[in-house]
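Contents: one structure, followed by commentary.
Going in written order, the chains are labelled A, B and C, and every chain counts its residues from 1.
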């Protein structure tokens, strides 16, 4: 497989896992099939759509290639029937989710830099790409977004670390593919470590958890 | 009346009814007059604005012709004073709402196809146009969106049926006005049948309602 | 200082105070540092980003000059450490917030008029600029948006008054800087009066508060 194909495959795996996390939340909330589809699409595509609408790249990537809709819809269909299996595979799914997190943080940052945005803005949009869909999923399902809760293992911070690395390396002569892969792997490893060791983000100074 | 005028009149009726459903929810939540106006506008215009922002047709239709703002604002004003009457007319309003659902599903799908989007994407945006405003209303008012709840009579699925019909007929030589009217009437009839017979969308496989 | 510098300084003060109100809500909700940053940025920048995405001015102003990100981030950092002090300065902050409200209502309306939108639309977007970020903050934090609650002192209505003044004066030969300053000061004074005298917006007719 060419490097481009590898990225595409990983992206579709990431979208599937994000979609499954939306579908499974809809199922746990006893939403109907419409809710399962809505939350699957919102979780998988919401972050990237927010990024593209903000940088003015409309219609967003998620609407230009039908694969980006069919893959999350397929994941929703699988969850509709096989949700008990998906629940049992929760840890496996979290591993794939960590891969998606790394990939979307990196590709989101690169897309924002490519649209001419500054480094800080690109980091913000890279993190939005990676964690925005999950936040929209939680808001739609009337949950406090997991990404801001103190009992959630680090999630946005690994994504931000990768985005900062990409934005910092962008003006240098370092080869972009190497930087991108390194940053994505770093996010993946950082998130896995945070999950297994239950690292948490701090709350405000002097406020106990 | 010319066919174009008929569509415009139906569209304004649909906007009024959507706006009224937002205003009445604000009143039932004991929001103040600001909340009544906000929820009326969000319900009436939210779906179309989401669609137009996604396809890049900015400013959205709702902001290009002031009628699209004045009609929902008038509906909000009527509800402000006459909400007990509006509550008694709930069934009548649901009938008009079903007409709006059909119309917005069809016009939303056509607008997305006209912007060059693919069929699947156009169906998704047609349904978003029809049900997006109501979902934003519910999120703003801290309700679980009615459109995904298992005890709600079918709502998004009739809209999706009409959108699929329009998108499927679009590449054929069938005359567009006939297709559009047929699809809108079908959505209307399907939604009315679902309301009177209390058809529900299924939940995930093996999960009882 | 030139008039342009005065506006810029006031804008940055407004952004800081809006950001602090987001950060303090995150702290009171026991969100982690990610939540503090997210709510600070959403509150400070959300209204302007909504306006710019709707009028098609992408990337939004908040993403074109890094100062618009660094100032709210700094305010979030100050709150992270000094939140007990910020809580004690609540009234002072509300005064600055009222200044931000006036300024953003006026600049938001002017920007929408400058993009060629009609008066009613520009008023709506001016108010959205001023109160949209706070509404997004509340939705993200699972609060009923304060702006629609009957026990909140008038907030959107002072903003709307200033926006209407600007939109009404825009086609006249009145000098724009005078109009803008008058409108912003009017919003500020109206909001301060509403705060100190606890003026409330009415609920629907015949419904007691």
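Definition applied: a contact is a pair of C-beta atoms (placed from the backbone, for glycine too) under 8 Å apart; a residue touches a chain by one contact, two chains touch by 3 or more.
Keep in mind it's a predicted model, so treat the numbers as computed, not measured.
In terms of inter-chain touching, the protein chains here all touch one another pairwise.
When the CA atoms of chain A are superposed on chain B, the rotation angle comes to 120 degrees, reported as a multiple of 5. Between chain B and chain C, the centres computed from C-alpha atoms are 30 Å apart.
Multi-chain contact residues of chain B, defined as those touching 2 or more other chains: 53, 56, 139, 142.
Listing the residues of chain B that touch chain C in their complex gives 26-27, 29-36, 38-39, 41, 49, 53, 56, 58-60, 63, 66, 69-70, 79-81, 83-84, 139-142. Interface residues of chain A facing chain C in the complex, by the touch rule stated above, are 53-56, 115, 117-118, 120-121, 124-125, 135, 139, 142, 144-145, 147-150, 152, 155-157, 200-207.
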